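Each structure below appears as structure tokens.
Next, two complexes with chain A in common: one pairs it with chain B, the other with chain C.
This part shows the complex of A and B:
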């Protein structure tokens, strides 16, 4: 009987932890999405939108982890200075792709679905976004980094941003090594800045 | 020139079967090669050819996000050539056409056209639901078709979206049926104009076209040029505008457009198979 009570308590406690983690990640995402939607709604021009949207995105998107995973095994072959440069370039590329989708005044309607914990410290929050007449399924993969929940990958219509960049970076690395990879990233970041 | 419709598909079908057989043997070889331990340490960092990038999962559990199973691409140089051709075609022909279509017709009209096309393709979905032995989904699909055809005025309005049981039925096609049957992908092929497909999905696409009532309407209207264009245009434009937007998002500032599109195709199709 004692064993049963203890097991129930333990299960209850663990379930509580998982729920707390899911809630924390979900709330963090919701507040960031609301902030971005508010900026898009209020923006008077495209330049103003890009300038205003960057700070909240930089806070919620974990560019360090995203860059490391997108580059993959080649990451270890970069010097610390090259790793820093790669992270900076990747940040430019992601922010540009993300901001290019928005038009001032036209904001997406985002519906949050039930989040799930895939591993300790990892939560996936599925959403549906309705924007400019099209409906997109997007899953935000979030991770707990010392008590701070950040996005480490975004999966739109089944396509993971990190996996998509990994394929591209692998291809560049195979062709030109670390220098080839970095120069391809520099070229891409410089395009349509 | 008049071509008998039954003969029209013979040569492409034979070619596809041959490529499928060829690519299956290659896929097996690739799988055997991939089973060998991968080298992850290299001496020189000047050139990447000596290394096969592999998983970092042991050090970073989150790295599995980046690892996906690739469809074999033994004819990559040919595919890259076709991809380049398609990109020029997209840039100089399809993109301006899509812009003109968007300019000429407001969003509501475009959505209506897209809805009609989707509704008309009901036979393709219901047949595949049955082939995958999903009678419940086939029933829901039929209900959805009847609701949209009647209350939605021939499918212009997707009234079914307001009915919870009908709003989220997973869409299916012949490629997904083949995947459920366990038929392997074969190799990755970039077709002129059509774009990326695996060999299996190419055959699946041919199956979808054959089951599509719009195709039969077009074939039946073969001798009436205007009617033929009138039946084909909505299918092309409604599919095209969405795909153009997706293509733009993927390739805008991509480091390697070819790899970006291939990876997106592989991941998107895997998601559809798992639904």
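This part shows the complex of A and C:
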């Protein structure tokens, strides 16, 4: 009987923890999305939009983890200085690509669905975004980094951002080594400007 | 007498042939032909459409394992795919598992792409970074017929931009 009560208590506590984690991640994402939508709504020009949108995105997107995972096995071959440069270049690429999708004044309508915990400290928040007459399914993969929930991957219509970049970076690395990979990233970041 | 011996030999040959085909079908189907020791890992997908026990697991185009089972996780209705892969691979924990198709209408397989984490996936652990099967039909449908929400969006555009 005691065992049963203890087990039920443990299950109850664990379920409670999982729900609390899901809620924390979901709330963090919701407030960031609302902030971004508000900025897009208020923006008068593209340049102003890029300048305003950068701080909230830098807070919620974990560029360090995203760059490491996008580069994949080649990451270990980079020197610490090259890793820093790669992270900076990747941040520029993502911010430019992200802001290029928005037209100042036109804002998306985002609906949040029930989030699920995939592992301890990892939560997936599925959303539906309606923008310019099209509906997109986007899943935000969030991870708990010392109590701070950040986005580590975005899966849009079933295609993962990290997986997509990983296949591209991997082929660049196999073709030209670390220098080939970095020059491809430099080129891409410069093109996006 | 000679005729009976010949008939016996032909019969034996046919039986051996059938036995070999049955053995290969069973072994190839369940992935037992992967050489060396294997270990089990799991992967969680939102949609495992088209994947079945026996499907290939590839890494850099090389077959490194087979799908053992596909089951439903009742808590969040996701698909859990159990794979048997060769244990000489030490996969980082941020390994990505994607469901891909050989050609446009070919068989589905799991493609593994290793990450950069220092920690290694232990036998029985689960890959959480996954890409589900891309639903080509719905993507083509969206491109061909557009979205039904255009009316809603045109209304949104009229909403004053002041908070």
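Everything that follows uses one rule, which is that the second predicted complex is superposed on the first by the 192 of 193 C-alpha atoms of A that agree within 3 Å, B and C clash if a C-alpha of one lies under 4 Å from a C-alpha of the other, contacts with A are read in each partner's own complex, and residues count from 1 in each chain.
Definition applied: contacts are C-beta pairs under 8 Å (C-beta built on N, C-alpha and C of every residue); 3 or more make two chains touch, one makes a residue touch a chain.
From a predicted model like this one, the values you see are computed outputs, not experimental measurements.
Chemist: Which term applies to chain B and chain C once both are placed on chain A by superposition, clash or fit?
Modeler: clash
Chemist: Looking at A:163 after the superposition, I want to know if it touches chain B, chain C, both of them or none. Which is it: first, second, both, neither?
Modeler: Both partners, chain B and chain C.
Chemist: Tell me the contact category for A:101 with respect to chain B and chain C: first, second, both or neither.
Modeler: Only chain B is touched by A:101; chain C is not.
Chemist: Does chain A have more residues touched by chain B or by chain C?
Modeler: Greater contact footprint in residues on chain A: B.
Chemist: Given the touch rule stated above, what does A:132 touch, chain B (first), chain C (second), both, or neither?
Modeler: It touches chain B and chain C both.
Chemist: Just to be sure I read the superposition right, which of the two partners does A:180 touch: chain B = first, chain C = second, or both, or neither?
Modeler: Touch status of A:180: first partner only.
Chemist: Kindly classify A:119 by the partners it touches after superposition: chain B alone (first), chain C alone (second), both, or neither?
Modeler: After superposing on A, A:119 lies in contact with both chain B and chain C.
Chemist: Tell me the contact category for A:191 with respect to chain B and chain C: first, second, both or neither.
Modeler: Once the two structures are laid over each other on A, A:191 reaches chain B alone.
Chemist: After lining up the shared chain so the two structures overlap, which partner does A:109 touch, if you call chain B first and chain C second: first, second, both or neither?
Modeler: second
Chemist: Considering only the touch criterion stated at the top, classify A:41 as touching first (chain B), second (chain C), both, or neither.
Modeler: second
Chemist: Who does A:72 touch here: chain B (first), chain C (second), both, or neither?
Modeler: In the superposed model, A:72 contacts both chain B and chain C.
Chemist: Superposing the two structures on chain A, identify the stretch of chain B from 60-68, 78-86, 132-140 or 222-230 that clashes with chain C.
Modeler: The listed stretch with clashing C-alpha atoms is 60-68.
Chemist: Looking at chain A, which of its residues have contacts with both chain B and chain C?
Modeler: Common interface on chain A, chain B vs chain C: 68-69, 72-75, 119, 122, 132-134, 141, 153, 157-160, 162-163, 166-167, 170.
Chemist: Can you check the complex and tell me which residues of chain C touch chain A?
Modeler: Residues 44, 46-47, 75-76, 78, 94, 96, 98, 113-116, 126, 128-135, 139, 142, 146-147, 149-150, 152-154, 156-157, 161, 163 of chain C touch chain A in their complex.
Chemist: For chain B, which residues count as touching chain A in their complex?
Modeler: 40, 42, 44-49, 51, 53-56, 60-63, 65-68, 70, 107, 110-111, 242, 245-246, 249-250, 252-256, 258-260, 262-264, 267-268, 270-272
Chemist: Chain C touches which residues of chain A in the complex?
Modeler: 38, 41-42, 68-69, 71-76, 105-107, 109, 116, 118-119, 122, 130-135, 139, 141, 153, 155, 157-160, 162-163, 166-167, 170
Chemist: Quick check: in the complex, which residue numbers of chain A touch chain B?
Modeler: 65, 68-70, 72-75, 77, 93, 96-97, 100-101, 119, 122, 132-134, 141, 143, 152-153, 157-160, 162-181, 184-185, 187-189, 191-192
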